[in-house]
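Structures incoming, each one as structure tokens.
The same chain A turns up in both complexes below, where it pairs with chain B and then with chain C.
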Partner chain A sequence: MTLDALSTVLVSGIVLASVYALIASGLSLVWTTLGIFNFAHGALMTLAAYLAWTVSDAAGLGLWLGAGIAIAVAGVVAAGVLIERLIVRPFYDHRDILLITVMTTLAAMIFIEKGSQLIWGARLKQLRPVVPGQVNFLGTTISAQEALIIALAPLLLGLLFLFLRNSRIGRGIRAVGQNPNAAKLIGIDVSRLFIITFALSAALAGLTGILLGSVRMVTPAFGAEPLVKALIIVIFGGLGSLGGTIVAAYLLGLLEAFLIFFIGIYWAPSMIFVLLILILLVRPQGLLGKVVR
Partner chain B sequence: MPVKLDARSLGLAALVVVGLLVPFVVQDTYVRHLFIMAFIYAVVASSWDLSLGYAGIFNFGHVAFFGIGVYATGLTAKLLGLDPWLAMMFGGVAASAAAVLVALPVVRLQGVYVVLVTFAFSQLVLQVVISQSAVTGGTQGLIRVPTIELFGYNFLRDFKFGYYYVAFGMMVVAVACLRWLARSDFGLSIMAMRDNEDYAASRGIPIALQRLKVLVFSAFFAGLAGGFFVVYLRVASPEVFSFSTTSLILSMVLVGGTSTIYGPVIAALVLTFVSEGLANFEGLAEGRFILVAVAMIVVLVFLPKGLASALPKRWGQRAAE
Partner chain C sequence: MSEAALALDIRDLRAGYDSYDVLHGMSLHVANGERIGLFGPNGHGKTTLLNAISKVIRPNGGSVSFMGEPIAAVSARGIVERGLIHVPQANRLFPDMEIMETLELAAFTRRARAERKTNLDYVLKLFPRLAERRRQQCKTLSGGERQMLSIGVGLMCAPRMLMLDEPTLGLSPKLKEELAAAIAGIGTRGMPMLIVEQDIAFVLSLVDRMYFVDHGEIAREIHRGSDVDHQEIMDMYFGERAAS
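What follows is the complex of A and B.
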């Protein structure tokens, strides 16, 4: 493996990893706080990309890209809150909340995906990049947009960490995640925090969708593949810790890039899955996970 | 289990007779086609009910078993020249074999991890099918699959008269087997495992083994249905593995009511006709999936035991039996 090839593989791995980290951390946040798994998370990415496209593309309203991003993020945050209100909230006291919300959020995913297809059609769309041009990174030329993703992912995740650790709301979210009843007892407004958590997670999904929407083509199924990857990451990392999820995301992104290089783009997903089964046979709580729940 | 000739068995027998008479009344090829598709979905949905409803395994890869049946049957019949009847059986066996593979991690996992692994599994199978396009046709799909024949009888020129009976027969046999399994000692043990795993284990039920068996049995029927699906349509696409297919079948299980076997069958009939009916309107081809999604949510929020629980009480009790 030449140095050039190594650099290419590394860089593409880091791009993948950054996207995965952003998506998976949103999923993980909802999981640690509410104990549910939001399958509509990938669809929220799709929705954000389409909204941003509609507002900013010449074929749409043709406004400034910044307006598109703002409206798109606001739109998915609203969608995230609606999901929490309409299809998660009714089951908080239910014994099988996990199983039921998997089904309801799956339905929400289909709803958004097919709804996007009705509204925007099946034709490929692409967002304008936030930053145009190309950049040299570790000896490999990538688009400036990809470089932006590489830089933004740690920044956003770092902010999320700081927010969860230091702010009043962030500490509340962690408290609810550890013990909702005790949190309620000491006067934390659990219901409000659930909504904030969903809104935060949706905003993360939306931003990722917008960033990725100018690298890849936006289709109604745009969010499905990243969701599946995020799914694998949370298994690898073990749900329940944001740190574990992020480490797993970067590991998986790099691993995937190397597998694609060595065994081809077609066999890489299968290999990853086989690895996953092997890991779960030895460590049912995930590679980095602790035994929880 | 001795067959009792009470009102209930008579009612079921009457339904089977009605089912047998349908093709004589319904001459329209398209309506017969809808019945055939509904029977296929009914087998997939009711077999899913065994693992999801009775055993309480959070198995979301059931549609992958269906898809494995589709491709195993289609490929062996087309490429190896296996007799399509045998290929259909092979579809069921292949799905069961895949279930063993899935069961390796799944029997030891809990809760959300089961959901994640089974979902990831169905995506894996999809990836393999797409990547091996030289064999499977990739995203273009599998075409020109040979179809069944019986003593020289040509299934292609009778306006789907023969296919109807094959599909109906498959459904009746599958539902009878599933219902028998669910009410046997085996069925009791898996329900005990679902309701209180620790207690079930302490009474000597081997949890991992029962889970493995449930997955293998339910996968077999899904695979068999997949086999018939491809032999009947003679084409298949990776679409069978999609989230849309999963949600369509899942909505049948939920609307019909879990842990009933019959419920998903009835829901499969109703939903197939409703959603296919909608597909005929301009622009509603995608809209029907939206309808399915809304139906799922409405049922889960308002009628968690399925539509049967909305019926008058006496009916509801029967449906829940």
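What follows is the complex of A and C.
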């Protein structure tokens, strides 16, 4: 492997990893707080990309991209809150909430996918990049948009960590995830923090969708593959550990890039699973996971 | 006794889980500044009573007032905001949080935040062991330390009344004494308290009055210094067995 090739693979791995880290952290946040997986998480990404496209593309309303981003993020936050209120909250006291919400959020995912197809059609769309042009990174030329993704991921995740560690609401969210009854008994409004968690998670999904929407083509199934990857990452990183999720996201992104380079795009996805299963055999709790949730 | 002289007034409270009632119309009261003990066999509804007051579960009927104000329909958060604080049985708290973080978080309501500094000083003075271990995570605390933190968390909520559910469960005699002293210390500030306790000697030393809970009802009220002696209480406890 030449130095050039190495740099290309490394950089594409970092871009992938950054996208994975952003999308998986939202999924992980909901898991650690509510103990459920939101299968509509990837669809929220799709929804945000379409909303931003509609507002800012010349074929849509043709407004400034900033307006598109703002409206798209607001839109998916609203959708996230709706999902929580309508199809998660009614089952909080149910013993099988985890399985029931797999079903209800899968239904929401399909609903959003089909709805998008109806509204925006199956034709590929692409968002304008937030930043145009190209830059050199580690000896490889990438689009400025990809560089933005690389820079924004650690920034946003760092902010998320600071929020969860130091702010009153952030600490409350962690408390609710670790012991909802004890949280209730110190005056925390558990249901309100669940909404905030869903809103945050949806905002992260939306931002990822908008960032990725100018790098990849947007289709109704735009968020499906990232969702699957995010699920794997959350499990592999260790359920209940946001830090583990982020470490796993970067590992998986790099691993994927190298596998694609060495064995090609055809077998790389399957090989990733084989490797992850092997690792989970040795470490069933995942990278940084706890034995119980 | 006028209404406002009562910290807590419970009448005919019914509550339970799923479809069955555990409390079948429980009535009791706690006067302002009074310390009350609650004892009775396992599984007869002591914890359920506290849960129903603090809204961990929703009561099915009856009335509850706190400081003269009806609170049966108030949310869990509203109960804490009013200063009626429930320190639950065997609380494992927030496993991944550190002691200091937990105490700071516990001052969550607006009123508690305003008193945060004073209350934190008080808690750390009451339990110096917590001050020594401020960066330690809840999940690694010993049983005694966890109980101290649990009470400390309750105090950080800016209580006007404390309800302690078996604060010495599973502790060694020495630790029990330590906690009893701390609880008595809290009581000397005139804080009304409701203390659930299996250890009768322990609770007798702390309270002004006791209720004996039997099958979800108050079966007996015992005044301190009244003629009920230790043996009689033991008989109440083991009454069924003694009779057979």
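What to note about this one:
The criterion applied here is as follows: the second predicted complex is superposed on the first by the 292 of 293 C-alpha atoms of A that agree within 3 Å, B and C clash if a C-alpha of one lies under 4 Å from a C-alpha of the other, contacts with A are read in each partner's own complex, and residues count from 1 in each chain.
Criterion: contacts are C-beta pairs under 8 Å (C-beta built on N, C-alpha and C of every residue); 3 or more make two chains touch, one makes a residue touch a chain.
As the structure is a computational prediction, the values presented were derived from the model and not from experiment.
On the superposed chain A, the positions of chain B and chain C stay apart, so the two partners fit side by side. Residue contacts after overlaying the shared chain place A:G133 against neither chain B nor chain C.
Within the superposed three-chain model, A:I277 lies in touch with chain B and out of touch with chain C [touch as defined at top]. In the superposition on chain A, contact of A:L231 is made with chain B only, not with chain C. Centres of mass aside, this uses C-alpha centres: at chain A, the angle toward chain B and chain C in the superposed model is 90 degrees, to the nearest 10. By the touch criterion defined above, A:Q178 reaches chain C but does not reach chain B. With both structures placed on the common chain, the touch criterion links A:I186 to chain C but leaves chain B unconnected. With both complexes placed on chain A, chain A has more residues touched by B than by the other of chain B and chain C. In the superposition on chain A, contact of A:R168 is made with chain C only, not with chain B.
Superposition on chain A leaves chain B and chain C with their closest Cα atoms 17 Å from each other. Across the complex, chain A meets chain C through its residues 168, 171-172, 174-175, 178-179, 181-189. By the touch criterion stated above, chain B contacts chain A in their complex at residues 58, 60, 101, 104-105, 108-113, 115-117, 119-121, 123-124, 127-128, 130-132, 243-244, 246-247, 250-251, 254, 283, 286-287, 289-290, 292-294, 296-297, 300-301, 304.
The part of chain C that touches chain A in the complex is made up of residues 54-56, 75-77, 80-81, 85-88, 91-97, 101, 104-106, 108-109, 112, 153, 156-157.
Touching chain B in their complex are the following residues of chain A: 31, 37, 86-87, 90-91, 98-100, 102-104, 106-111, 113-115, 117-118, 224, 228, 231-232, 234-235, 239, 265-267, 269-270, 273, 276-277, 280-281, 284-286, 293.
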